[in-house]
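What follows is one structure encoded as structure tokens, with my remarks underneath.
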Amino acid sequence: MEVGMDDPILSVRHLTIDIPLAQGTMHAVRGIGFDLKRGETLCIVGESGSGKSLTSLAIMGLLSKKLRQKAEKLQFAGLDLRNQTPRMMRGLRGDRMAMIFQEPMTSLNPAYTIGDQLEEAYLLHRKAGKAEARARAVELLGKVGITAAESRLSQYPHQLSGGLRQRVMIAMALMCEPELIIADEPTTALDVTIQAQILRLLSDLQREMNMAMILVTHDLGIVARIADKVAVMYAGEVVEQGTAAEIFDNPRHPYTRGLLRCIPVPGKTKPGERLGSIPGIVPSLVGNFQGCAFRGRCDVAEPICSEMVPVQEEGQEHMWRCIHAAGEGASEGVSQGVRP
Amino acid sequence: DKANDTLNVAFTKELESVDSYFNSAREGVIFQRSVWDGLLYLNQETGEYEGNLATSWQWVDDTTLELKLREGVKFHNGEEFDADDVVYTVNFVAKPENGVVVQRNVNWMKEAVKVDKYTVRIITNGPFPAAFEYLAGPVSIYPNEYYAEAGPAGMALKPVGTGPYQVESVEPGKHFVLKRYEGYHDSPKGAASIGTVDIRTIPDVNTQLAELFSGGLDFIWGVPADQAEKIAAMGRFTVANESTMRIGYLELDAAGRSGDHPITKAKVRQAIAHAIDRQAIVDSLLKGKSKVVHSACFPTQFGCEQDVTTYDYDPEKAKALLAEAGYPDGFSVDFYAYRDRPYAEAMLSYLAKVGIQANLKYLQYSALRDMRFKGETSMSFQTWGSYSVNDASAITSQFFKHGAEDFARDDEVLAWLNAADTSVDPAVRKENYSEALKKIADQAYWVPLFSYNSNYVFTQDAEFTPTPDEVVRFFQVSWKQ
Amino acid sequence: MPGSIRASGWGEAMARTIETVAEEIRSPSPGAMLRRRIFGHYGLVFGIAVLTIIVLIALFAPLLTSHDPYTQDLMARMKPPFWMAGHDPDHLLGTDHLGRDYLARLLYGARISLAIGAVAALISGLIGTAMGVAAGYFGGKVDLVVTFLINVRLAMPVVLVALAVVAILGGSLEVVIVVLGLLLWDRFAVVMRSSVMQVRDLEYVNAAKAIGCSVPRIVLSEIMPNVLNNLIVVATLEMAHAILLEAALSFLGLGVQPPTPSWGLMISEGKQMMLFEPWLIAIPGVALFILVLAINLLGDGLRDVTAPENRG
Amino acid sequence: MSDDVTPPVLELVSVTKTYQVKQGMFAKPKPLHALNGVSLKLNRKDVLGLVGESGCGKSTLAKILLGLEMPSEGQVLVDGKEITAGERRVLARRIQPVFQDPYSSLNPRKSIEDIIALPLVVHGVGDSASRAQSVTKMLDLVGLPARVRRGYPNQLSGGQRQRVAIARALIMNPEIVICDEPTSALDVSVQSQILNLLGDLRDELGLTYLFISHNLAVVEHLATRVAVMYLGQVVEEAPSQALFANPRHPYTQALLDSVLTPDPSLSVPETYLGAAYPNPISPPSGCRFHPRCAQLKDICRSMPPPHILGPDGHVDCHLYAAATTQ
Amino acid sequence: MLAFALKRLGLAVLVTLTVSLVSFSLLFMSGDPASAIAGENASATDIEAIRTLYGFDRPFLVQYTDWLFSALRGDFGQSYYFKLPVADLIADRLSTTMLLGICGISFALLTAVPLGVAAAVRPNSFIDRLALFLSVMGQAMPSFWFGLVLIVIFSINLGLLPPSGSSSWKNFVMPTVVLGYYAMPAIMRLTRAGMLEVLNADYIRTARAKGASEWRVMFKHALRNAVVPVVSLAAVQMGFMLGGSIVVESIFALHGAGYLAWESIARNDLPTVQALILIFSLFYIVFTFLSDLANAWLDPRIRVG
């Protein structure tokens, strides 16, 4: 099935993920949705535990069977992912959609060489010989900037540094030229200098191969530099979504605004100056939950926030979930420079 | 297994060596009787000595025995039997440095001298009235040429004798196969009836029984009384009971070798003798042909005086005696044992009833013997089988002549026993044994308990009559017609 | 002056933080969570219940039977238990080969098995923990020595050595307990060593060092409480192990001395008649099985319940 | 800034720390120089930011300052006096740590109160009543409600735990607090709270910080001086403003280039660092940074770089040696 | 590499020496071997003669070094009891025990590993509960009791298997089961725990993300990493089995080294016991060494630095 250039390659509507726990059901992801076109990069940001990884795993069909997953729509390249057999999902994974994980140190199998693992990714989906797979592996290692690729093939993961491993992971994800690549915090475990290299590599390759990319992160700096579109997640919901420029220049949701004020920005924040902060902690998502999840930490919260919260839109791309039309009043609310 | 003409039997103990001079186990005796012959043979029914490898024998003087040998006997390996074999065997085993394990079986012999091809003289170390007993028993005759070459080690792996069975294979300690010796001479033992005897070592009685039930064994012995009773009730097997020459007794440290303790007092020892209901133990635990014994020997043994002081079961009297001895509240003592734990436990309980708190110390035989040799035990439950030697010298003299195992150390007893042991006049011997045994009983140096019995269990295909000497003669087992 | 920060109105936001904390502090304390998990674990509950019953039986044995476990009656030997024909209503579980009441021996036997298990585990626990903690905490040479000793100990065939020692010293309750205690410390040492090593490098231990805590204090109050659960788990498993080993030694005739009513000994005594009166070994065998099962379930359960991944 | 008369509160003089590491079952242990001749000064009321790549020796340095490890070579001076192995307890009253991982830095079996009061107990300060009072004060100081004192660490969020750790560090009134990546395990919204708290406390109590972080924005925000480490060596040290305004060492430059500010109009920068990651077991010859350096010269391969003192700080680089000699 | 191997070897030698010294002194304390050699019906003088003949009156260390140096030459002396060279005696018995040990450990591995894997793949499923049940049973069941029960069932009641002996493979079925079942629970649990841990590892997720089938994930990616500790445990268990087969050998009348050792203790047959303890400890050391090698092969992190 061919998909037109402008049709979204990935389309998610009202995805929910429930986790049965001893204390009750945890509604870890609560009705999120987004679209993604070829060549586009979507960044999902949010605090730890907001459901970012679960969302990406759900798209890959890698959620453990214990978790309950529901969606109104979960479409990839015209295929309805909700009713694919496990076998068909396996055929898609690694071939048309690929994933890069957060921990380069533990994401490679310590018992096999880099070469084995790269070739496996190819051989699982292509009717090809070992030699062809090997050639492909060498080619991709070169592409991700690994020198002396031939000799690296016979090395074991523990012989490589974190940065190299993450490059190998990227090479592995690209072995079959996927149409969609999901990177779950690919650089959190890496040093800043290497982070920059890896991110650059990713975005270059994405552009070159015209892939769609979902990049999960909690680092607003990365989001700003890489994203075409941004989805801000809070407590299992997308609280604000829009183009990168919209989100950073014109944040509407109190949480997004708060986040932006929390980070010291060289040049903007004065050294030693008090930073903004979002007090309080994320509410528990176990059991039934109604209303705005952020209201406990929000300065402009009103009693009505505990009821259904409408989604507001501005233009086609920018939407947010708050009762306050433009998040007005919020600017004071997030405590910045409270100190006299 | 009648179909294969093979008798499958089990040994309980791993036999260290099948060379009969180099083991001290009951299993070794059983093996020896089938594979080798002695010069004489003791007819179990008549109690008379008959000629086996010797045809006639007579004392030349107090220490010289002359024997005429049987002609035409061949060893299993074809070697001919003659005086040289006897001389070689006797001279070899009589030398202490050759390390025969049970020295008392052989150390009465000084040497053997060849008179002619079929006549030998055995010179003893002093007068030794029990000589025939040994010549008919443990002293087996080995082939001189083969033994000289192979030695005890070779003999242990490939035994050669003149007996009714020849050895087909030996896996040391584990498995022995005997085959009927077709060339067996005209011995009073009689030729073997069953073609093959297959002996395996199975230490656990239950496993032996399991094998028996599943047909893997045809013949076992030493089956405890309770099991034997049950098997008899099953009706699938023949259970035969025969008494043995083994008696059980309590060895009491009258001489105080282990220090000063209540048992050195005669009244205390007598109290102990009164405290234990030996008849009840015999009736409910040993059963079979076991009897309570009162004298420090097996009743059928020559010289075993029966007219001695007896101590009947009387706990009240026991308490009274204890009180008289100065222990109205009883006392506490270590009670050593190495076999038959239930019997020991039963005695413990009887002792407890009269106030004697006995703490059971159950040891390995050799460990317990060590302690006894060092005189560290004040009370132990012992048994003695007299090597099936039907003479009081094999038991009373063994233990009351101030040796390491003598806890009485009675000079009077020693004198009587010495006189009895060295005389060749049966009347003198009897007289002296009697004196000794009476004193032993009066003083309660020992508390003789009971005689043992043995249960033989075999398939109904087989026929066998056990003998009181506890020796299983495979050549006397036959298939029922 | 700390107060000034407050006074400066430093956090209206802070005030709200405090509210959410108030919310959260209601999440139960570690003790309460543990209790909750324990009752959700059937194996553990079963283990605790059965073990409690057995301990109570052991403690109150004299109240539960009017028979004395040592009184013999040679006229009433091997009377069958109540479910078999020909039983004596006075002896619910029948009598043994010396006519002693089997129920009484079974009940009193619980004391012996528990004592053997508990004391042997205690002795080996003390030795093994001391060695393991020293090795884990100090590392280096101490660790080398302890690892070496553990290797030596592991290389020694336990059953054989235990047999040899008991054969030499003569079996008695004390000897068996001490021998087992001296032989079973290896698992304590191994587990304590590795768990202390894990905890040793955690930052709160570094923090305690940086505070200036003395070594004993760090070991006793920072490290031990956090490896205690492993210790308890090993202790229970070793207790079961000791009980089984004692039974095996008794089976081979080198365990506790009669007339002590140990279950292992009862099996060994009943073994003689097992082909004819199987209940003689079945009763103590099942009792032993249930006891060991309960202790193992308790240990397993404790491990499950206190496993790090279960901790809040 | 630096006062020539009073010695720095804390000083490291060419400290080297060597570990023996074993690689694989069949290999001999090899020496790993986690620190290689590091000299650093920490002046009163300074916030010294320490930045550098993972594994470059930052935590090792912190451990040495805390007395948790002893240097293989070199000295640690407090107020100009050398510290020896036995003086851990003395040091403890003056230098206290805040660690990175708020989850493993608190003993899960102890109540918050016990955790915070531990230093007092260890040093035998006060009786239980006065300790309880101090705990109350500390809880207040770090912005925790009094009721958490009976709670356990597992009942607190990461940010709250970090506050407890700070309270514990401060209860003995230390002069110096060593913060080893105190916020890197926290979400940004919590991180800012902790940073604010640290800043406030410094102002209130006149603390001196050694602040280890790999987040340059945070370091710039908090630090007064910055030291940049690479493979066990301090390659550049300067006052914060000077360093951020004018990074001199190529590694510092690359580090600064790599900082991703939340500015959607920019894209991911090119740092010109090669992919040759440093291996501390076999460090490169000459300048340790040379395999990745964009401004590599021949001399860098063979010669260790010179130590070039600037107006207030130093940089170790051949580039500037050339500049000064020319 | 060589240095490492030598060091390892040196340690092994040291362990063996210590074990032999400990056991030698233990047996030395056990009292007089002369009495044991003399046999059941010997007299005090017999025993005295034997004592001097064998040199038991010499000091402990002299006897020990004497023994040690002969042992180094492969000469363990003569069995007091069998009067045969101990080396021959043991060589004969060891084959039975080794066979039993190999069968036992194979049985344990062949049941434990598949069960453990299955249990880990489907936690809380029927198969997991079955595996747990079997392992709990195995841990709580005294092996001597189990052996007796098997004999009652399979030999007496069903007549399928011979209760004793070592003449055919049938003789080894029940001993193998008893011995193997003894080692099974630990191996099963470790496999299960290892698999559970490995299955949660990031690289398993990676393998799934590549599109690998469950089968492939399980057996190519997970098992190889999970069995590393299992191999070590199996080696230790194998060492234990050889020494611990005493009970099994005595029940099933298998004349192996374990049974020989036990009997030799009872008989005070010092050279045999001594040699056996040494050999058992050597086996333990060899097995652990082999398992280290196997692990190095399985896990490159151990193999290459």
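Residue numbering begins at 1 within each chain, and the chains themselves are lettered A, B, C, D and E in the order written.
FYI, a residue touches a chain if its C-beta (ideal position, glycine included) is under 8 Å from a C-beta of that chain, and two chains touch if they have at least 3 such contacts.
If you want to know which protein each chain is, UniProt gives these names: C = Binding-protein-dependent transport system inner membrane protein; E = Binding-protein-dependent transport systems inner membrane component.
Predicted model only: the values in this text are computed from it and were never measured.
The chains touching chain B as well as chain C are E. Within the contact network of the assembly, the step distance from chain C to chain E comes to 1.
Note: centroid distance chain B to chain E, computed from Cα atoms, is 39 Å. Chain geometry summary: the mean Cα position of chain A and that of chain C are 49 Å apart.
Once the centre of each chain is set as its mean CA position, chain A and chain D turn out to be 31 Å apart. Contact with two or more other chains is made by residues 30-31, 148, 152, 156, 250, 266, 301, 304 of chain E.
Residue numbers of chain D whose C-beta contacts span two or more other chains: 157, 193. Touching of two or more other chains is recorded for residues 10-11, 14, 17, 24, 167-168, 271, 274-275 of chain C.
Those residues of chain E lying in contact with chain B across their complex are 30-32, 35-36, 38-47, 49-50, 53, 79, 81-84, 89, 92, 148, 151-152, 155-156, 159, 162-165, 250-253, 255, 259-260, 263, 266-268.
By the touch criterion stated above, chain E contacts chain C in their complex at residues 11, 14-16, 18-19, 22-23, 26-27, 29-31, 136-137, 139-145, 148, 152, 156, 236, 239-240, 242-244, 246-247, 250, 258, 261-262, 265-266, 273, 276-277, 280-281, 284-285.
Residues 1-6, 10-11, 14, 17-18, 21-22, 24-25, 27-30, 33, 202-204, 206-214, 217, 222, 225-226, 311-312 of chain C touch chain D in their complex.
Within the complex formed with chain C, the residues of chain B that make contact are 205-206, 209-210, 213, 224, 226-227, 230, 277, 280-281, 283-285, 341-342, 344-346, 348-349, 352, 359-364, 367.
Here chain C touches chain B in the complex through residues 70-72, 74-75, 77-78, 97-99, 167-168, 170-172, 253, 257-259, 269, 271-276, going by the rule given at the top.
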